[in-house]
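When the chains are written out, they are named A, B and C in that same order, and each has its own residue count from 1.
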Amino acid sequence: MNKILKNFDGFKLITTPAITVVFLLFASMLVFYFISSYPAIERYGIDLFIRNVWIAAEEASKEVYGLAAPIWGSIYTSIIAIIFAVPLSIAYAIYVNDYAPQKLKYPLIIISDIMAGLPTIIYGIWGALILVPLLRDHVMKFLYENFSFIPLFSYPPITGYCYLSAGILLGIMVIPFATAIIREAYAMIPTVYKEGLYALGATRYEATKVLIGYIKPAILSGFILAFGRALGETVAVSLVIGNSFNLTYELFAPGYTISSLIANQFGNAPIYQYMTPTLYAGGLVLFLIGLVVNIIGLYYLKRWRSHVSH
Amino acid sequence: MKKGVVLLLGILLIIPIISLSGCMGTEENTQPQETTTTELTTTSKTPVTIRTSGATFPKYQIQKWIAEYQKINPNVKIEYEGGGSGKGQKDFLMGLTHIGRTDPPVKEEMWKKFLETGDQPLQFPEVVGAVVITYNLPEIGDHTLKLSRDVLADIFLGKIEYWDDERIKKLNPEVADKLPHEKIIVVHRSDSSGTTAIFTTFLSMISEEWAKEVGSGKLVDWPVDKMGRGVGGKGNPGVINTLKSTKYSIAYTELSYTIENNLPTAAIENRKGKFIKPTTETIKAAVAGVKTYIPDPKEGYKEDTKQLLDAPGENAYPIVAFTHFLVWENKDHKHYTPEEAKAIKDFLRWVLTEGQKPENLAPGYIGLPEEVAEIGLKAVDMIKE
Amino acid sequence: MFHTEYKKLRVLKEKVFLFTIGALTLLAILPLFHIIISIFLKGVPVIAERGLSFITETFSNGGIGPAIIGTLILTFITTIIGVPLAFLAGTYAYEFPESFVGRATKVLLQIMLEFPTILVGTFIAGVVVFPMGTYSALAGALALAIILMPYVAIYTEEAMAEIPKIYKEGGYALGCTRTQVIFKVITKMAKKGILTGVLIGMAKVAGETAPLLYTAGGLYESYPTSLFEPIGALPLLIYNLVQSPSPEDHKMAWGAALVMLIIFLGIFVPIRYSLKKDIKI
């Protein structure tokens, strides 16, 4: 008996409260978001999520909100980000692992880590004051003037603050993140495979092609996780997205994402009766989308890893 | 019920914090010591920090007052925060700021919410400013455009689409051939804004169509947004930022922003049919022409932004307004400590007397008429230390 | 003949391929250099002009001193709140990797790592700031602690998992309790990895803006003195300044961004280099 006690509790006694706090924190956040958003959900029902309307009024009876535009904006900008990041991060990962001269390897890895850790506000200030004017004057104007018959480019690039700018900035921000996952997966490929391919006389291009096919599931989950990360980014996006309620696929139109909407309106929301619950409802949506995306990404990554190591 | 749950969650959170506060308390004491000993040796009294947030309409004026006041009172630190009138009212209600700033007087419903806190709010004007129309038209540079009342309303309604519209040309024959065939981009506020409230109230006064279709308020649904020609900016600063980087745009803002940023302003047709450019003189003329009724600071007032708008004088600029401070009477030290209350009173007294003198006014603002400043001083005296 | 043609094609493909991934890699890292160079170009003149007073003076005197101190204090309090909890949670996940709670903890930590930071901020605003009636350093630090925890916990767990089992068994063989084995033997051996996690987590939270938006409040005219009053932070200050139209404010923002970049690189690069051996290729 004594021995069991001696072995058992000390450790559990110390760690269990910590675990409890972590779980309670998570649970209370979920509960908090549900309760805080309830008044808006009760009042507007499903319209809250599928309508694009934002009428604030001091008389509560006149208030109407619908979050369709920001929800769409969050998903749309993250998709643009992933499309932008896919080729770059795959190339980056392959180059570092297989082709970079030995001298360049460590610097390249460290650069990627710096990019991943760089404060988002640094991306934000650069995005707002340098990237956006650059994109507007050299990319968007050109596309608009020459290709505006394509619906994607038909919105005049007025300020440059738009879905595309937000998507590209997000893309730059998630590159190191996706790269790290792909690189890790690539490194996990048993060396026998590579040696086998070269032994068959494959060129490096051919070998890489086969290996990429081999780690496809890991690449996919890397991008799912990167998508989740792009969804939640706030500060940098709110500085470049233009902040207006536009429900459109046109790349040069200003928009909103859920997080930039919260960053922008949370400050004045409490003077309106239903705006704070609406914003919390937006937060809840973000919370749930993020949760689902991350769980899927983590699950696939884990399955692939255990598959490889067996 | 909801409060109960929130409280419960709060407690759940606070337990682990308290359990950790043992080690935190000691660290907290050591950390600031390092900084305070090096930084604050010059002053013997402990400094007081006053926070003010809200309307960006008086930004340059408030910042000027803060700079001047801190020079003579190095022990009082004043933190300026923007965010718009909506945020000013909310921060004030929640006790997140000491002095709330709002352009339009607080509406009755909000006033009731203030009273529910158990303390008495006080509201009084601090300075006079003008909402001006500014534009980014490289072809004409800083030439002053003339805009009649119906043209102004129609531009913001989206009915006039291009800069070279016949009606704009007719009003401005000198630059008629220079006006480009470009779409007019309307820049407006994206946050809950007093400047918007003042401007939309004016538009509602001069255009029936505007009153019916859009109305007035701190946040309105801009008709131009649906035509793809509207862009939002956060705070007056955000609007100016957008205007500067967007060719062929037009915006409304406070006069000081156009002065600070060297932007042109339009001459607006006033009640007498004259086209008036916003300047110190024309704003003064507007203030002089109106017999203002300012209620007791304790009463609060139903939103009445019309006060100084569309003033009758020949030379009066039509879009002029007071902007207001909100402070608490501080019953039972509910909102301010005695030191804070004293610092706030001293600062506000200075603002309403010395602060109204021309040397302490920022360009683009006009001092309060004396009888209006008196009302503010009366309110300041009510604050309990 | 045909054979050589084919071979040529393969070699050509190989060359095109190599060139393409080289170019794409360059494109991927280009933004970082552009960012660093622009911040230096725009920030150096500002700091050169104002000298030391830029990092010691208050805002209306043209300096960002309170914001720097604010960030340091916030990071410090965050570490004190977050690290012990995270360390214990990490050890739990290490010790019971097969139990339901242990696995759930690990998944939860990974999810929290990807959690939108603004939601943490509005959560703390709702449960701490509004009930307290004031923004405070404490609220800011709590929000940051929620973000710090998963970093430290996951690094702790991973660092411990890399210690060979034999040490643990040795500990037990000597008659140590589990507490002693984990906290004395394993922790000591995994010290470096855990410390890295703590430092990387700290670098991360020092640069966070969104969780502070509605919790910290801001304090730029005087130095912070109390945990229960508002506090400033560098990223928060930059965020506010970027949104202003005045060139003067933009200058301040660039200067502040440079200070932040230097602090970040100064902490981050040495840590990363010291771990050079651990980098997997």
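The rule we apply is simple: contacts are C-beta pairs under 8 Å (C-beta built on N, C-alpha and C of every residue); 3 or more make two chains touch, one makes a residue touch a chain.
Nothing here was measured: the structure is a model prediction, and the numbers come from that model.
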Taking each chain's C-alpha mean as its centre, the one farthest from chain C: B
Dominant interface by contact count, named by its two chains: A-C
Centre-to-centre distance between chain B and chain A (centres being mean Cα positions), rounded to whole Å: 36
Inter-chain centre distance, chain A versus chain C - centres from mean C-alpha coordinates, in Å: 17
Multi-chain contact residues (two or more partners), chain B: 6, 9, 13, 16, 94, 234
Touching two or more other chains - residues of chain C: 84-85, 126-127, 243
Multi-chain contact sites of chain A, meaning residues that touch two or more partners: 17, 21, 25, 28, 32, 267
Contact footprint of chain A on chain C as seen in their complex: 10-11, 13-14, 17-18, 20-22, 24-25, 27-29, 31-32, 34-35, 38-39, 84-89, 91-92, 95, 101, 104-105, 107-112, 114-120, 122-123, 125-127, 146, 149, 153, 177-179, 182, 200, 203-204, 206-210, 213-214, 235, 238-239, 242-243, 250, 253-254, 257, 260-261, 264-265, 268-269, 272-273, 276, 279-281
Interfacial residue positions of chain C with respect to chain B in the complex: 56, 58, 60, 65, 69, 73, 76-77, 80-81, 84-85, 126-131, 133-135, 138, 142, 217-227, 229-230, 240, 243-246
Complex interface listing, chain B residues touching chain A: 2, 5-6, 9, 12-13, 16, 83-84, 86-87, 89-91, 93-94, 107, 109-110, 183, 185, 190-192, 217-219, 221, 225, 228, 230-232, 234, 242, 245-246, 249
Contacting residues of chain A [partner chain C, same complex]: 6-8, 10-11, 14-19, 21-23, 25-26, 28-29, 32-33, 36, 87-89, 91-92, 94-97, 99-100, 105-106, 108-115, 117-126, 128-130, 172, 175, 179, 184, 187, 203-206, 208, 225, 228-229, 231-235, 239, 259, 262-263, 266-267, 279-280, 283, 286-287, 290-291, 294-295, 298
Interfacial residue positions of chain B with respect to chain C in the complex: 6-7, 9-10, 13, 16-17, 20, 23-24, 27-28, 31-32, 35-36, 39-40, 47, 49, 51, 63, 66-67, 70, 77-79, 81-82, 94-96, 234-235, 237-238, 240-241, 244, 257, 260-261
